[in-house]
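In the two assemblies presented below, subunit A is common to both, partnered first by subunit B and then by subunit C.
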Partner chain A sequence: MLATLIRNLFLGAGAALALGSLPVRAADPGVTDTEIVIGLHAPLSGPLAAFGVDALNAAKMWYEEVNKKGGINGRKIRLIVEDDKCNPNETVLLDKRLVTVDKVFLINGGSCTPAVFAAQEFITREKVPFVMLNAAGDSGVFPATRYMFGALGGTQRSNGAGMVEFAFNTLKARRMAFIIHDDDFGNANWATAKAITDRLGVQVVAAERISPRVTDVTAPMLNIRAAKPDVIISAAYPQPAVLIAQKYGEFKMTAIPLVQAVQGIPVPAVFQKNVANDAIFTNFYYTAPLNDMADGPKQQKWLKMYKQYYPDRNPGAMMAFGLPSAMAVTRALEKVGRNLTREAFVEAMESLDFDTGAVAGNIQFAKGRRDGMRSTIVVKFDGKKHTVMPAVYTWNGRDGM
Partner chain B sequence: MYGSPSYARLAPLLALVVIGIVLPPLVPQYFLSLGNTLMMYAILAVGLDLLLGWAGQFAFAHIAFYGVGVYGTVLLQSKLGIPFIPGVLIAAALAGLIAFLIAVAAIRLHSVYLALATFAFAESAQWVFNSWEGLTGGADGLRIAPPSVLGWTTGTDARAFPVIAIILALVIGATMYLTRSRLGRSLCAVRDSEHAAAVSGIDVFRTRIWAFVISGTYAGVAGGTFALFQSFVNPEAFGFSQIVLVLSMVVVGGLGTLPGPLIGAVLLGLLPEIMRTAMRGLFVWQELVYGLILILSMMFMPRGIWGLIAARGGRSK
Partner chain C sequence: MLISLLQAIASGVVTGCAYALVALSLVMIYKSTDVINFGGGEMVMIGGYLAMFALLAIGLPYAGAFVFAAVVAFMVGAAFDRVVLDRMLGRALPGQSVLVAMVIATVGLSYVLKGLVRVVPYTEEVRRLAPLFAGDPVFLGPIILQRQDIAIVVIAVLLMRAWWAFFNFTLLGKALRATSQNPRAAALIGIPVRAMRMTIWGIAAIFAAMAGILLGPKLLMTPDMGSVVILAFAAAIVGGFHNLPGCILGGVVLGVVQNLVGLYISSRAIVLTPFVVIMLVLVLRPQGLFGGAVVTKKV
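And now, the complex of A and B:
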């Protein structure tokens, strides 16, 4: 009896040792002994492709660099790249395919807030980590949900905060005028800007809400001119931003500083060409959540790398926005080690705090915090030269919430 | 062609319900989600065809009625706690009522003028969805809680699939009876010649209004099905591109036929996914491909795919 017990104990221990020495097998889909499958998507066609193509290429480039160096903990990354067109319904359908048919381990995707927000319920139900590519993603990260991480290029809240803080501290503006879209982007931007102006005791002399599809901004710009502000803050998209700048010049308002949010000026040279009036650059500033101008010295490393991978393509300012999310993913994967599960990955993401060398502030997540970056810089553009203003503006995480 | 449809014609509807019940455990969620989307578009396209193909009214407000159906069903549930079945019926009735008001206002308009007036209404409706933030969530969108259908909670594609299959079968069945009824004949008569219809004793005014109301109600029902399998809605879903998509489904499939819009919904609904998987290089040209399909259909298949099939097979509607 005792001999049988001892023999069984030894057999059990032997079996446990043998099993322990086998290669680690992860239970979650998308992970094998040799690879990790990641779904990568962005708008690659349609009117919003400018936000997605270079950012997605940059993320792809980062993953390929990691693979060149041997992968992560012995596993190579395999990407499944898709076009989401920034369309919420198409994005949800696409994510369902990536998760249930392609069996990806995680999704790194999305350049538009409504699209990623639409996917949130599905990825939460399926418990699949989702790291936004370059979407501001305010509604996807506030309130925080376990599996969705985002805003690695800053939220619209941090963007709005940066513009107001800059206008208040550097331009000494006390009467501010805003021209902001009436969509989710604009709502998030305006919520923060309004909260900060209230806190600072700044007078909002005009707050013009315009459609993203607006074709004429004469009326809102005349209202702003009549309000005699110290500064005009625009959070418009590229086409409306051009219209605003044209009216700003036409109505001889150039003595008043114009601060344009980054989303309206993805490629400054194109913006300048479209405005076709260099007089507007007398007092012109734009924000950027990068650590430098898009072609500044600190960005050269990434620009060179991009040229090696995509020699035929001139990257827009959105290129560098694709890097932080891929960097965050690879860092978290490294942290987890060989026993890779989705839950362990989420916990590793929550412990990240690192400098990307690409964006204005550290990427930082925590339990209950899913917006990755809160800083922005401001660049003065005089029509010839871009000059980075000295301060970095960091949103406190409370204003506008 | 007239009178009650035969059992042989109704049998595929039973097959649709059986497939709806049997399929969910067997296929991945993605395919079920795709199937739900196609069935929703099928209801939308059949409804638009009643107005456009059967009654000959060139109107573009359909997508607005669909929006009323979506927001109506979702808000009745979330704000008033009204369950899905009465919710979707009320929302569809509301869509039908708004369609009635539009029809009365636009009854003297024809062709391009009717198209412009109804298009303006669709744009206004999208503006309302976008601007009425307190109710619709505005541009930020609205989270949809999983509806319960007689105690069967949907919210996932697998659970929504049988419910939508049953709704589609009911809609197709109702359309079979409708198009074979006296009203169905009146719709065709008004489409072919309002003057001839009027001298034949048909009340053209009333027939046109019925076409709008029934079509709007169908769109409202389609909106209700959206709430069964989607978890988020924002006004982008009711824009011009959606109008063009549903119109393309009807035209490419075959105007004024029942199989036509069903074929169109399946083909044009599947097209983006086929392009995404099998013709990856072409996916970025999706809108251009839609346009080409529409132009080529109008040039070479003015009666749509079903028209071509029917002509070759010598079949009637």
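And now, the complex of A and C:
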């Protein structure tokens, strides 16, 4: 009796082992026994290419590193790379192509909020996991939807919170002037900034809402000058940010600190060249969701790796923004194991909480939370040297909601 | 407050002068061919990029960049007329109007130019065309003006004067005017209407390209900078689409009104201003503020 029992136990264990070593066929597209297909996209041409080229290269680099180490659970990652130009229509079309023609398992892409938001309906309908590359993506992650994860470089809410907290705590500003776009992106930034100024009892002396297509910021900057603020907070895109900085210098306002959100200064050297007036850097700060300056000591590891992969290219400040999303994807894939399905992947993403070594705070998702990172640092730029200010500012997840 | 007002007006005049150049280009084409050129903004954009190419890649001085951009822009405008519009006209059946198709062709031109520019390396990031004149700003009392701003006004005025002299005192200019006023009569007296039409497109492209070079240091260069064409349309409508001096004034008026709206109403309303102005003028005075009485055109 006992011998039969032991024999059956061994047989059962053997059968289980044998089955475990057999290839597991996943039901979802984009996964075979040997590979996982991922669609990767970003703006690689056009005026917003500075947001995408290096970030996408960094993500590619990370996936290649993972492949070099044997892949994930026995599968290599195969990438299909596309240029979305930050254009919502083109993004939706190429995501449809990636899902229906190329049969990718998941999409890791997008550097601009309107473009990724435009894709949300399609990926939700098709139940395809979508991890934003480096888009702030407020409207894509608030309210949370099951398949879209993003803001691994922070949201506009975390960015707005960081700027106001910095101006209040470090610059001791009590009269703040804002110049912010009047689109979704600006609305998210402004909602948070307003909530925090209300909470802190700060007086908002000017709130200039400008179109991203504005060609002349004379009037808003005159309004700000007349309001005599302690600080000017700008959350403009690169082109208007340069126009604002030029008027700030032209109207001799440089005694008032100017805090510029990161999206307006993706490459500080280019920003400086375009403004062409070093006087504006007397009192100039910009936010960054990285854990250091783009070329600071904590970023050297990534810069070195990037140079190995792309020896002919000098990485822009957006390079490290592409790493966290690829890291999150590979971690979640690892967690799922061999039985890889899109639903299991989503659940694995929801359990992530890790330090990337690249951005200012931990990447953290949860059920009902799809914004990955909430921290910001502030850098002082005097025209020659970038200095990281001491504190890290973390949005509480409530202000501006 | 008065200082802000004066500053807003001065700044509006500067940007208005650049809009006026684009408007002039649009009106020139409209008056001579009845075609509304929706590719006018992209002609502005290529002007800026051509100058950037001439300055950075060829190493020409600014004067050379102006000439280079003018020559290439002329060729682009003339080629578009000869290769596309002229063929459309040539294939039209007797009595058939191809005007709508020609207008749509200008939309196509805008996409082609934008697409072509995107493949050049300069469009990878937002760039600024080097200012014509660098240095400390100039103070006119409390008003601050960049040297570039003064250059914009001076060059725009010079270009407009040159345009006026060309059309009034040269044989070619007079032939172009005759073609624009009555092509059939012009043909009867031996003016080569097709060549004149092509020349008009070329000259209009030059004006748009010059505006691009003047705006490049102010607005920064991107393939999408052609969107300023909407401001030029508004300027032309304000001044009167048939009235060349009117469209120049329209540009200046629009530039100033935009700034005053931003100053006294809301910054959010700045980009709405041209649309509101277009609607108001079309409803209240369709011939434009400087357009005179409405007349029926006889061809």
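Methods note: the second predicted complex is superposed on the first by the 380 of 401 C-alpha atoms of A that agree within 3 Å, B and C clash if a C-alpha of one lies under 4 Å from a C-alpha of the other, contacts with A are read in each partner's own complex, and residues count from 1 in each chain.
Note that contacts are C-beta pairs under 8 Å (C-beta built on N, C-alpha and C of every residue); 3 or more make two chains touch, one makes a residue touch a chain.
Just so we're clear, the structure is a prediction, and the values are computed from it rather than from any experiment.
Trainee: State whether subunit B and subunit C clash or fit side by side on subunit A once the two structures are superposed.
Mentor: Because the two structures are overlaid on the shared chain, the partners are seen to clash.
Trainee: Which partner does A:R78 contact after superposing on A: first (subunit B), second (subunit C), both, neither?
Mentor: Neither: A:R78 stays clear of subunit B and subunit C.
Trainee: Determine, under the contact definition given at the top, whether A:D182 touches first (subunit B), second (subunit C), both, or neither.
Mentor: It touches subunit B and subunit C both.
Trainee: Which of the two partners, first being subunit B and second being subunit C, lies in contact with A:T215: first, second, both, or neither?
Mentor: Touch partner of A:T215: subunit C, not subunit B.
Trainee: In the overlay, answer first, second, both or neither for which of subunit B and subunit C A:V270 touches.
Mentor: second
Trainee: Figure out whether A:Q239 sits in contact with subunit B (first) or subunit C (second), or with both, or with neither.
Mentor: A:Q239 contacts subunit C only, not subunit B.
Trainee: Examine A:V92 and indicate which partner it touches, taking first as subunit B and second as subunit C; both and neither are also allowed.
Mentor: Once the two structures are laid over each other on A, A:V92 reaches subunit B alone.
Trainee: Contact-wise, after the overlay, does A:N223 reach subunit B, subunit C, both or neither (first, second, both, neither)?
Mentor: The second partner, subunit C, only.
Trainee: Scan A:K335 for contacts with subunit B and subunit C and give back first, second, both or neither.
Mentor: A:K335 contacts neither subunit B nor subunit C.
Trainee: Quick check for you: in the superposed arrangement, does A:G46 touch first (subunit B), second (subunit C), both or neither?
Mentor: A:G46 sits against subunit B and subunit C alike.
Trainee: After superposing on chain A, which of these stretches of subunit B ends up overlapping subunit C: 4-12, 112-120, 130-138 or 220-228?
Mentor: None of the options clash except 112-120.
Trainee: Please identify the positions on subunit A that touch both subunit B and subunit C, taking each partner from its own complex.
Mentor: 45-46, 49, 182
Trainee: Which of the residues in subunit B come into contact with subunit A in the complex?
Mentor: Contact set of subunit B toward subunit A: 28-31, 33-34, 37, 130-131, 138-141, 143, 156-157, 230-232, 234, 236-237, 272-273, 276, 283-287.
Trainee: Of all residues in subunit A, which touch subunit C in the complex?
Mentor: Subunit A residues touching subunit C: 45-47, 49-50, 53, 179, 182, 208-211, 213-216, 218-220, 222-223, 225-226, 238-239, 242-243, 250-252, 267, 270, 273-274, 276.
Trainee: Under the touch definition given earlier, write down the residues of subunit A that touch subunit B in their complex.
Mentor: 44-46, 49, 82-83, 85, 87-90, 92-94, 96-97, 99-101, 114, 117-118, 120-122, 125, 139, 182-184, 186-187
Trainee: For the complex, give me every residue of subunit C touching subunit A.
Mentor: Spelled out, the residues of subunit C in touch with subunit A are 1, 4, 7-8, 11-12, 15, 118-119, 123-128, 131, 134, 137, 144, 146, 218-220, 222-224, 227-228, 231, 255, 258-263, 266-268, 270-271.
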